[in-house]
Amino acid sequence: ASKPAATEPAAEPAAEATPAAEPAAEPAAEAPKSDMVMGMITDTGGLGDQSFNDSAWLGLENAEKEFGITRQVLESQSADDYSPNLVSFAEEQTDLIFGVGFLFDESMKAAADKFPEQKFAIVDSQGLGKSNVAEIVFAENEGSFLVGVIAGLKTETNKVGFIGGMKFPLIEKFEYGFRAGVKAVNPDCEVIVNYADSFEDAAKGKEIALVQHQAGADIIFHAAGGVGAGLIEAAKEEGFWAIGVDQDQSHMAPESVLCSMIKRVDVGVYSVAKSVVDGSFQGGTLVFDAKSGGVGYSDKAGNLTDDLKAAADKYLEAIKAGTFVAPSTEAEFNAFEAPTL
Amino acid sequence: MVIFIALLASALRLATPLIFSALGGVFTERSGITNIALEGMMIMGAFFAILVTEFTNMPWIGVLAAMAAGIMTSMILAVIAIHLKGNQVVVGTAINLFAVSITAFLLELVWKRSGQTDSVKKALTTNPFHFLENIPVIGKLFGGMTPFVYLAFVAVAVSYYVLYKTPLGLRIRAVGEHPKAADTVGINVYRIRYICVGISGMMAGLSGASLSLGTISLFREGMTSGKGFIALAAMIFGKWHPVGAMLASLFFGFCEALQIQASTLGFDFIPSEFLQMLPYLATIIVLSGFIGRATAPKAVGTAYEKGHR
Amino acid sequence: MAKVVEMKNITKVFPGVVANDSVNFELEKGEIHVLLGENGAGKTTLMNILYGLYEQTSGEIFVNGQLANIKDPNIAIKLGIGMVHQHFMLVEPFTVTENIILGAETSKGPHNIQLDMETASKKVKEISELYGLAVDPNAKIEDITVGMQQRVEILKTLYRGAEILILDEPTAVLTPQEIEELGMILQKLVGQGKSIILITHKLKEVMSMSDRVTVVRRGKVIETLKKENTNIDELAELMVGRKVNLKVDKADHKSGKTVLEVHGIEAMNNRGSKALKEISFEVKAGEIFAIAGVDGNGQTELVEVLTGLRKSIKGTFAVNGKDLQKMSSKKIIDSGMAHIPEDRHKRGLVLEHSLAENGCLGNHKDEPFSKHGILNYDYIHEYCRNLITEYDVRTPNERVSAKALSGGNQQKFIVARELNRHPELIIASQPTRGVDVGAIEFIHKKLVEQRDMGKAVLLVSLELDEVLALADRIGVIYDGQIVGIVSGATADEKELGIMMAGGKVNK
Amino acid sequence: MQNKEKNFLQVIIDNVKFPLLAILVSFIIGALFIAWTGHSPLVAYYELFSGSLGNFGRFGESLLKTTPLIFTGVAFAFAYRCGLFNIGIEGQYIMGAIFTVGAGWIFRDLPGGILVVLLLLAGTLGGAIWAFIPGILKAKRGVHEVIVAIMLNYTALYLSNYIVRTILNPSVLLGTEKKASTIMLPEQGRLLLLSKIVPAFGYSSVNIGFFIAVITAIVIWFVLFKTTLGYEVRSVGHNPYASEYGGISIAKNITLAMVISGAIAGLAGAVTVAGLSYKVDQAAGMPGYGFSGIAVALVGQNHPIGILASALLFGVLANGERKMQMAGIPKEVVGIIQAIIILFIAAEQVVKYLPDIKKKFSKNKTQEVQK
């Protein structure tokens, strides 16, 4: 699962002045009632990961406020819990079941077959080909591209860093999107890449960040869940820039978090919940990309100059317009020709 | 040179929590008690350091709380292993499980959510001796040093001194080797063991604090990520000697640092997973190659029963 | 004379055993008082009570006329009582000085936190000179001889200012010469005003070393006598409770062909130094060949080499002409060798296993004990029941774990198991260590029986009396070498003693 | 005959009464924690047990949770009986799982019955190889098995991740999209779901892996207590010196015990893959079965039959936890209860001493002595 971190208590759904999409509407004054129950199953990261699972949970919270549904959660202790957890909810005839994380794909497929009447949704995976499963996916490469542009322009040492959690294809989407963004604006800039092989070992994240900084990187982006807390701590201490992920992480260190790459899992979850409430639920893939506002960048702390924002927005528009495609794999990256805008 | 200093600095920081816990292990095992609960005591230390700092805003009080929490947890081991003569490994397993659960439980109770606490406003993540950074060449070494790094080495020196230069140390070692002999010269075997288990709790608590307060200023479930067991290995690797345990911890730290540096050193053609394995494989090779046989204190793992033959 | 210790009506109950039953015991100032009794009579228990290691179930103790509540050894030490334990209480990796000062350390430095080893060493040296107990204060315990270790134990008590010394079976591990030396040391101590309690079950020592004797039997005091008013035979009878025959009856031996042939064996000990140097001897059918010597001169290693438990680095040995040097211990067992090990708890038994499971140890892979790797428990139990009845092992049944048996019965059981293999060669290493007279008689009888059946017996013993009583030929081992072989019939104790200490006897 | 039966019953009662007491007390303490969170302990425990035993399907899920715990518990116990502390079950499990997937690819064209057997053997082999390393190093070089095993746990994790990412990835073998998991096991190689035989198990994924686990436990019980192999292993565990004296090779048995222990752990991995997940994922951390296995073994007194019972207990608790969570009660409570159960088992002596203490108060001491 992607567990990009944000250490924000995921309490405020409202998007700030960011290019990301608006979430749910304001909660209605009188709490609406609905007897719908929606269940969410976390991956092994569990609730409180301050990013991925929390963000999804927030999406359901918004749906609860909005439509008066009841939400329930099951945290998976191990990958072997995915399937039994899906069954547990399905047996209760829960109205909609979320599996948060691409690792749910096979167990979700099996569950979808066992319970053809049951509505499911999976986050970060597509191509399951089940009519009762909604697939919520994000164009992480696009958001990462944008922060890559910012980093490439902002760096003074011509070296930037990337810290990944694990070498999942999903995390590589962040990596190569980011690399491409850097390359687009600053072809000479070196990108130092490390994988922590963990989403929890913050101490290691800090150590990697310190090492990358010592090697010359002055801006470091992470997609490594809890490991990122270490990066931000290091940035704070050593006075370099960190780029947050998933949610705006600037609140952790407004002086040190340059900006954050945004991935609106909450919006994705909310919108599928909504479709169940209003009866428009459909199986198949829902892509949340730059165009739909599902990914983007955010700068709550106001650390970006207008020039940087302008440059990033230029690429954002180009991506939205389909002028070019941000690479998401090594092969695509190698073939990537930076567009001249 | 710069790379080397960076490596060294990295190794020192990564070794710090291991050193504390391994020293704790040295004390318990030297007195004859097996301690596989270091991990659990670390978790308790890490959590209570943050909890108390959150409410007092005084990180050093948090450190004291971590030590206290470690000691309290260690007393479960002490009572069951020393007085009730329970199986020391079983107690250790239980403590590890207990620590994971109770911290997660309290976290939810206090912070009303799970997974991770807030960052505390004041932590101990910076170098307390800034003037050291001005030393030419090696000054860089001190940049990321938290107070805990210095403390770890002080702890090694103190542990060495206590174990080998004081009457208490002589008694501890005697109790671990031949408790009956110690008993016959009027040494209270139980008391010595309680003291040692307490010391190990204190050290493991410190170790936890060095992670939560010293590295990232918050507590996260799973943040100890098995370091207590690595520390256990470091203690055995270091042949139950404080200096040996320190060297072994540094070795682990160094290997991990090397792995982190791999990409800047130009080793990144090696798959990251193999780099991750490096410290572990190196340890096995070193152990089976030339360190070889390690002999534990004789009485380790066996409860002492007064008046038993 | 002043009574320094008075123990009145001491009773000590262990679960299942009354170790001491209303015992009265007195020690006068400046005397050597022997506590005499068989194994398990309750001597150690009584002294452990005096030293504060056990608490009496009832009874009172007076030290120097004062009622004393000796809850732990600290109090005993404060009262001037020192004890040298039957099993030495020394920490092996520690030095002599460290052992001596343990628990009574001198310290220096601020707040007196640092160990003061220099002062301690000096003090140790002073005391050892004062009493003629020469030891190297900086040697490690694991590197010094047992005799030296005993001196360390005595020094330990003197260092703490003991006025009353308890020595629990101090002579068991010493050569005749060392015993004599110990006697002199004790005289010196008494001369300096100390009072001594000496525990032993060896009658000769009583006569040579004591002023008075208290005889205990089955936890009860039988009598206290002045040495001048008694003799060995009376003491033996008091101790055992019946007339005893201290001689072993055995016919003249008719030795046959050579069974065991040892040639030029060399081996290392656990510490990596050479324990055996060019050992050669042979044992013939129908004879008991004994290896005599002081503990630690290579006996353990020799037996281990012969039984395949230790690899020799040089030399060969063969049983009935078959070279066994490179064989595993299982092969050696199968080739007709039985082995009664010196330490029944360490080697002889798996204490947690049932007696039945112990009864097939070594044969468990053979039919009918097992077939195709599956144990035949019916047979194993039946076999064990036979061992138990045949050798009169006192146990409720064969299902109890081996640790439930008393030492003597454990030993009898091992003897039963080993002899029931119908071996050609029996290696008996200290077969009667720590068992009572009844069991000793029984085991001796069995060994002689085997010899008379034409089996070869290699006896390794630290007890000179046992060697003299049983052996047809005696080889003396010293420092890993056989320094001489003499005939059992003509050997005399003095001569053997000199050889055991490394001296040469010219005949 | 009747007498014997009575004794047999007595033995069972004696062995069970303490653990039962421990469980009871742990639940009472757990109730305090639940109450602390503001929930009703009664509701919580109702959810817990209805969630794990409420109907056949749920019971099936409990058995599913129990399955790996039986394996890892028995694996730990086997080594423990030989005096070895196999903290490396975690890594052996991982290797077993990855070997299974590898074999599933290599033999993908074989028919079901044969393939399943090969898969289980492959997993067993994977675990055995991984355990052989600490075993042989301990036996031949005296290296402490605990360090080597801990080191190998991490090595296995990273090695498995590498294999998942490269060698066994569908992108490599099938040319499809790159995934964070291996290819799937072929359909015919998957373990039969019990619901196919007993429809009452409903949607539960419990499969014949459970019976493989039970059979493994029984086989290991037989090996330990009825064969020369088990005899030797137990002898070495209790007293290596006496074993050596009895012609038993310590080195051989240490290595063998470790290998068998690892083989069972590897089999656990195989059964999980072939019965439940059908693939292996890249993982950031240990699966955790190794450590649960230690707890299960210790609570089960390192006896295969005791382990069956304790694994079931842990399985029921872990499965019931689901419903508790759905009712909004923190799942940590279950961890706390488990920890306290283990603590009580560790402190068993307290109760064992009770008879002694009683004896102290009994007046007629000589009568005691007669016994």
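Note that the chains are named A, B, C and D in the order they appear, and that numbering of residues resets to 1 at the start of each chain.
Just so it is clear, a residue touches a chain if its C-beta (ideal position, glycine included) is under 8 Å from a C-beta of that chain, and two chains touch if they have at least 3 such contacts.
What you are looking at is a predicted structure, and each value in this text was computed from that prediction instead of being measured.
Distance from chain D peaks, on a Cα-centroid basis, for C. Chain B and chain C, compared by their mean Cα positions, are separated by 44 Å.
Taking each chain's centre as the average of its CA atoms, chain A and chain B sit 35 Å apart. In chain D, 158, 161, 165, 285 are the positions where the chain touches two or more neighbouring chains simultaneously. Multi-chain contact residues of chain B, defined as those touching 2 or more other chains: 114, 222, 225, 273, 276. Per the contact rule defined earlier, chains pair up in contact as A-B, A-D, B-C, B-D, C-D. Contacts from chain A toward chain B in the complex involve residues 7, 9, 45-50, 54, 167, 192-195, 197-198, 200-208, 210-212, 214-215, 226, 229-230, 233-234, 237-238, 252.
Those residues of chain B whose C-beta lies close enough to touch chain D in the complex are 76, 80, 84-87, 89-91, 93-98, 100-102, 104-105, 108-109, 114, 222, 225-226, 229-230, 232-233, 236-237, 271, 273-274, 276-277, 280-281, 283-284, 287-288, 292-294. Every residue of chain D that touches chain A in the complex is listed here, in rising order: 51, 57, 61, 64-65, 68, 158, 161, 165, 177-181, 184, 202-205, 272, 276-279, 281-285, 287-288, 318-319, 322-323, 325-326, 328, 331. Touching chain C in their complex are the following residues of chain D: 226-229, 231-232, 234-235, 238-239, 241-249, 356, 359, 365-366, 368-369, 371.
Here chain B touches chain A in the complex through residues 2, 6, 9-10, 13-14, 17, 107, 113-116, 118-119, 125-126, 140, 143-144, 211, 215-218, 220-223, 225, 256-257, 260-261, 263-264, 268, 272-273, 276, going by the rule given at the top.
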